[in-house]
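Each structure below is given as structure tokens.
In what follows, chain A forms one complex with chain B and a second complex with chain C.
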Partner chain A sequence: MHLTKKSKVAIIIGILPALFLYILFAIVPIIQSFYYSLMEWNGISDMTFIGFDNFKKLFQEPLFWSSVKNNIYVVIASVLGQIPIALFIALLLNRKLKGVRIFRTIGFLPVVLSTVVISLTWSLIYNSKNGMLNELLRTVGLDGLTQNWLGDTKWTMVAVLITIIWQFIGLYLIIFLAALQNVPEEVLEAAKMDGASEWVTTFKITIPMIWSTIIVAVILCISGSLKTFDLIYVMTNGGPAHSTEVMALYMFNETFSKLNYGYGSAVSVFIFFFSLILIFITTKLLKGKMI
Partner chain B sequence: MEAIVKSEKDTRKKKSTNKKKWTKNTIIYLILGIFSLVNVYPIVWMVINSFKSESEFIVNQFGFPKVFVLENFINAWEIANLGVLFKNSIFICVIATGITVFLGALASYFLSRFTFKMNKLIYTFFIFGLLIPIHATLVPMFILMRNLGLLDTPVTLIFPYIAFHLPITIFILTSFMKAFPKDIEESAIMDGCGIFRVFWSIILPMSRPALATVVILNFIYNWNEFSFALVLINDPGLQTLPLGLANFAGQFTTNYGAQMAGLTMSLIPIVVFYLLLEKEIVQGMTAGAVKG
Partner chain C sequence: MKKVGLIILGVFMVLSLVACSNSGDSSSDGVIELTLWNDWTEDRPENTVYKEIIASFNEEHEDIRIKVESIPHDQYETKLRTQAAGKQLPDMMRVWPGARTAPLAEGGALLPLNSIIDHWEGLIPDAILQDYALDGNYYAIPSNISETSLIFYYKDLLQEVGFDEFPSTYVELKRLIQALNDKDITPIALGNKSIWPLQSVYISTIADRYTGSNFLKEALNGTGSFENEQFIKALSVIDELTKLNGFNEDMNTIDEAQSRSEFIKGETAMHFAGSWALGPIIGSVENLDNIGVAPFPTFEGGEGDPSKISGVAGGGIAVNSNLSDEEQEAAFTFLKYYYSDNLFEQLVQANIIVPADVKMDDSIPQVFRDANSYAQGGLSPVYDATLTPELTDMINNGLQSITLGEKTPEELAKEMQKELEKNK
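After this line comes the complex of A and B, so read on.
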């Protein structure tokens, strides 16, 4: 549009409020966490500049590395669990079948529910005394398999990972369905005319045609997994014995329970760069486009 | 004669492919059925058991309740203070969503319909927000809010919710508004419409599908948000639904009936919202997710 002096003023009036709130409450905090990470500070007393000492301490801390390891488990379980199942179900739902809508509606439902509600529901399911899972095992006569799912270091991570996988399959299902609907029908018809079997069509035509969407889904899945916090905080609070602690939870406990604001900020900065680097590497490896 | 044989062969072939198709469809439905069951049964299990007394829950976990115990719901409502939690959640959700969408739409209008020097830079700057991990900002956000005197007030959560959802809002709205034909505003301007009038009377109504998407996305995010609420809100009277529920369940670990009743009640609004707006939600999620 033609720019006049008046429109310049209008642009400023129009963009400034959004920009102001965004800078103050999103950009300033992320920059501040860099600053705090160089300080020794309990949040109340004066700050002391200590350079990179927080990071040195962080890298020598076994509990921190175990939280990184657990976070990587979440990433791997999500990518290998959610993406293939979602893709498989999406391929099934993309057929001309009766009642497809109902399956889609049910499939997406968990994504809309709050993580807290999901965590609490699954905690009840995993409950060692009256939980559904143990009750189910007892009913079918597999008493020997009952476990204290959320109290036994051997099983807790598995229990948590299953819940995480369950929660977000629907999201990728919907993304894949949208992509599948954009695959032109003529291409599939042509393959059918040439005598290609359904397997061949799916693997040689359909999947390659939605490959860019699959890459986006993988990237989303990785960055989403690195943000895991609410679910574990509510289900196990990182326990037992730190066996389910992830980076965000480690940061939260260091900062708000132990009041190490500087050290907690160093963990935040690490999370920030770790996410960026991991997303960047995945994008490069899968030859996708960032954002 | 030949013709008869041929047609017989045809029907036989048809029959066998029909049978094959039938078997295949049965398998597909079976898989989809199992998938749906796994998806929805945990929720259904919880809802059904919320109606049982403690003693019935222990002996009959998988059946329907023999007696419907509504006491669980009364207990949960009172112990968890659900009335207050609902009120707080609705208040914060509506205000934060309203402001985010309005300011986001206004900014998107100027970013998509006008060319000026900083245009691209400001847009990229906003979109960068999609990469900021929320948890990396919890500490400074807490300190910032404390310094601003905004800890533990009824409006506290509105600010971070707006700031962190502006990127996706602007992203979706800008790409939608960009697609309008170039000269759409010109005739309006010729008729003497002001720039803001064009925004309000022309651009906003035209953006309705995208607006619906961002309203729904914002609403779901805000309704379910937990981390900021956990860090910034202490006063039980100001807690939102997820935060209040987490505390309630943490304190009443053995009262299964009340816990499940509380969870069931908290599910109702969002499930109704989902079922009513399913089509738009799915579209919105797809747009937001694929692009974001």
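After this line comes the complex of A and C, so read on.
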């Protein structure tokens, strides 16, 4: 502790370059987005100030609301899919199993793969004509269940969500495993001596002890889901017929395909506040449960 | 004293980070270096032609050096627009004509080429140069003509179902599709995941057959309307072809290049595409004599000229308006060298349809000659080269919705008209 007191100046200087870069590349663009969102601007010509018209237009746009809805699906699927599955697998892998390392590596593999590779691989799996999924269904005689997974608006979102869940389980798996390894052995042993069953130990001791890690994971998960872009961009490009369009993709299309920089910035600003509010609410809810 | 030293060190570190981002354009040895952005990443014969001509230019000119930077096609325009917004455009850049260049030209980012345009008099017809002109200013010279609506087909598969010639009317085309389906042959390979093919390849010509070539101009300036009955009929063709099972069932999940390879593999009888498909098809089909190319059929009751095909000039290179006089001069020298007889002759060898009248020898395959001849009837406008980005996006998505049964042709027409009136 006394070390930090002694050289406060050194610490400030130490973080100065990072702080400067952070302000330049994170804070300044956010402020700029606010500014652009009040403008009518095609990105090249001069800007005209139009006040909150972009936001008015945004709130009346059904396509935008459908992208919000799809985004909420992604958040729900990620929080309810990735976190519990990752936690479950982490609890299993935390035991002294043979070959645990191999399982960990396999579990983490999707995280290190490039999203483009994942998207293209899953697109092939889902292909209606010769994709693995339909082939599998046909082989086991379930021809009736084959679908045009990425081409039918009823199924595309489900198909995309499964891929997203699959992609990030490994990330949370590693986070949870690290937290589980920090749970003191003595506490667990004491519980065992008191005759607590494994079930009780897990739910009454282990999980509460890593609860703060779980909260961090949930927040990471929500903010990550709200930013979802690349996987959907490559896999379906938001289609067919906007059925998998999420907010970031909507913003991208408006800004860069249709050259509505002002309107696109308004969408970004919305995403910013939407994420803040959502994360604030979740933190409140989960913190309450902690005690 | 030590603290002051540390602070100075910190400030210095920050400053050095900022300073790193600056780099000079022209090098010290008096050579003018110009950066040229393009989308020549694919391994196609015409891209090799472009790059070779630039290489020989660099060899012949000691005082000018053209630096080529290639960006994949699908990201290229996005990158261009983003860089334009940040005022970071390269010295020269490949651009597409009409509505796609208009925002850059109107924003003053591009240099008009009017002072050197006479150089191409007699080589490139003015009507084609006009594709890259806006309000009397020429912004680029075209190197090719992109016909966007051609029908490629396998002669033997058509014969198998009783068609010795390609159908010339829509009614007959529908009969052909039916006959192919009866034999379990997928009629048309379509890859509409990227949502532009149905618009650019199909509607550009189908709508022109119905409405005539003045329709788009009239709709955009307010004397006509997208709720025109003939336009709706054209949109309905897509609906009808889908319902007839004219396309492969994964059409909305594969992209254009994938659908072309389905056709090349022989898995479908037809493929509707533009002249960009000529090279790849000629290059990879085993028996080229078995491949035919046809213009779109005629539609009963249509008001357009059925000898026309949709197309637009392409391959233009535009110059940044912020160049110094010296750099401008160098860019002009380059453009004059680049757009020459030599370029056009080599492009024809690479199966590219060119705007200039060049000689063709016997080595040019029949498919190419046929496709080339369809441009002689005159070009009708391509939708995404004419419509605003907003409307293009709308019709692209709308056509996909029609194939999914989520929107009717009438609804799409109405939506487009509403968008148009909103901006009045």
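Throughout what follows, the second predicted complex is superposed on the first by the 262 of 291 C-alpha atoms of A that agree within 3 Å, B and C clash if a C-alpha of one lies under 4 Å from a C-alpha of the other, contacts with A are read in each partner's own complex, and residues count from 1 in each chain.
As a working rule, a contact is a pair of C-beta atoms (placed from the backbone, for glycine too) under 8 Å apart; a residue touches a chain by one contact, two chains touch by 3 or more.
Since this is a predicted model, take the numbers as computed values, not measurements.
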| item | value |
| --- | --- |
| Chain C versus chain B, contacts on chain A by residue | B |
| First (chain B), second (chain C), both or neither touched by A:258 | second |
| First, second, both or neither for A:160, with chain B first and chain C second | neither |
| Which superposed partner A:236 touches (first chain B, second chain C, both, neither) | second |
| Which of chain B and chain C A:45 touches, first, second, both or neither | second |
| Partner chain(s) touched by A:150 [first = chain B, second = chain C, both, neither] | second |
| Partner chain(s) touched by A:191 [first = chain B, second = chain C, both, neither] | neither |
| First (chain B), second (chain C), both or neither touched by A:123 | both |
| Partner chain(s) touched by A:139 [first = chain B, second = chain C, both, neither] | first |
| Which superposed partner A:21 touches (first chain B, second chain C, both, neither) | both |
| Chain B and chain C contact sites that coincide on chain A, given as residue numbers | 10, 14, 17, 21, 43, 123, 256, 261 |
| Chain C partner contacts - residues on chain A that touch it in the complex | 9-10, 13-14, 16-17, 20-21, 42-45, 123, 126-129, 148-153, 236-237, 239-242, 253, 256-261 |
| Chain B residues within the chain A interface of the complex | 25, 28-29, 31-32, 35-36, 38-40, 42-43, 45-46, 57-58, 61-62, 103-104, 106-107, 109-111, 113-116, 122, 126-127, 129-144, 159-160, 162-164, 166-167, 170, 185-186, 189, 195-196, 199, 220, 223-224, 226-227, 230-231, 241-243, 245-246, 249, 256, 259-260, 263, 266-267, 270-271, 273-275, 278, 281-282, 285-286, 289-292 |
| Residues of chain A touching chain B in the complex | 1, 3, 6-8, 10-11, 14-15, 17-19, 21-22, 24-30, 32-33, 36, 43, 89, 92-93, 95, 97, 102-117, 119-125, 130, 132, 135-136, 139, 166, 169-171, 174-175, 178-179, 213, 216, 220, 223, 226-227, 229-230, 233-234, 248, 251-252, 255-256, 261, 264-265, 268-269, 271-272, 275-276, 279, 291 |
| Parts of chain C lying in touch with chain A, wherever the complex brings them together | 3, 6-7, 9-11, 13-14, 17, 78, 81-82, 84-85, 103-104, 106-109, 193-195, 248-254, 389-390, 393, 397, 400-401, 403-404, 406-407 |
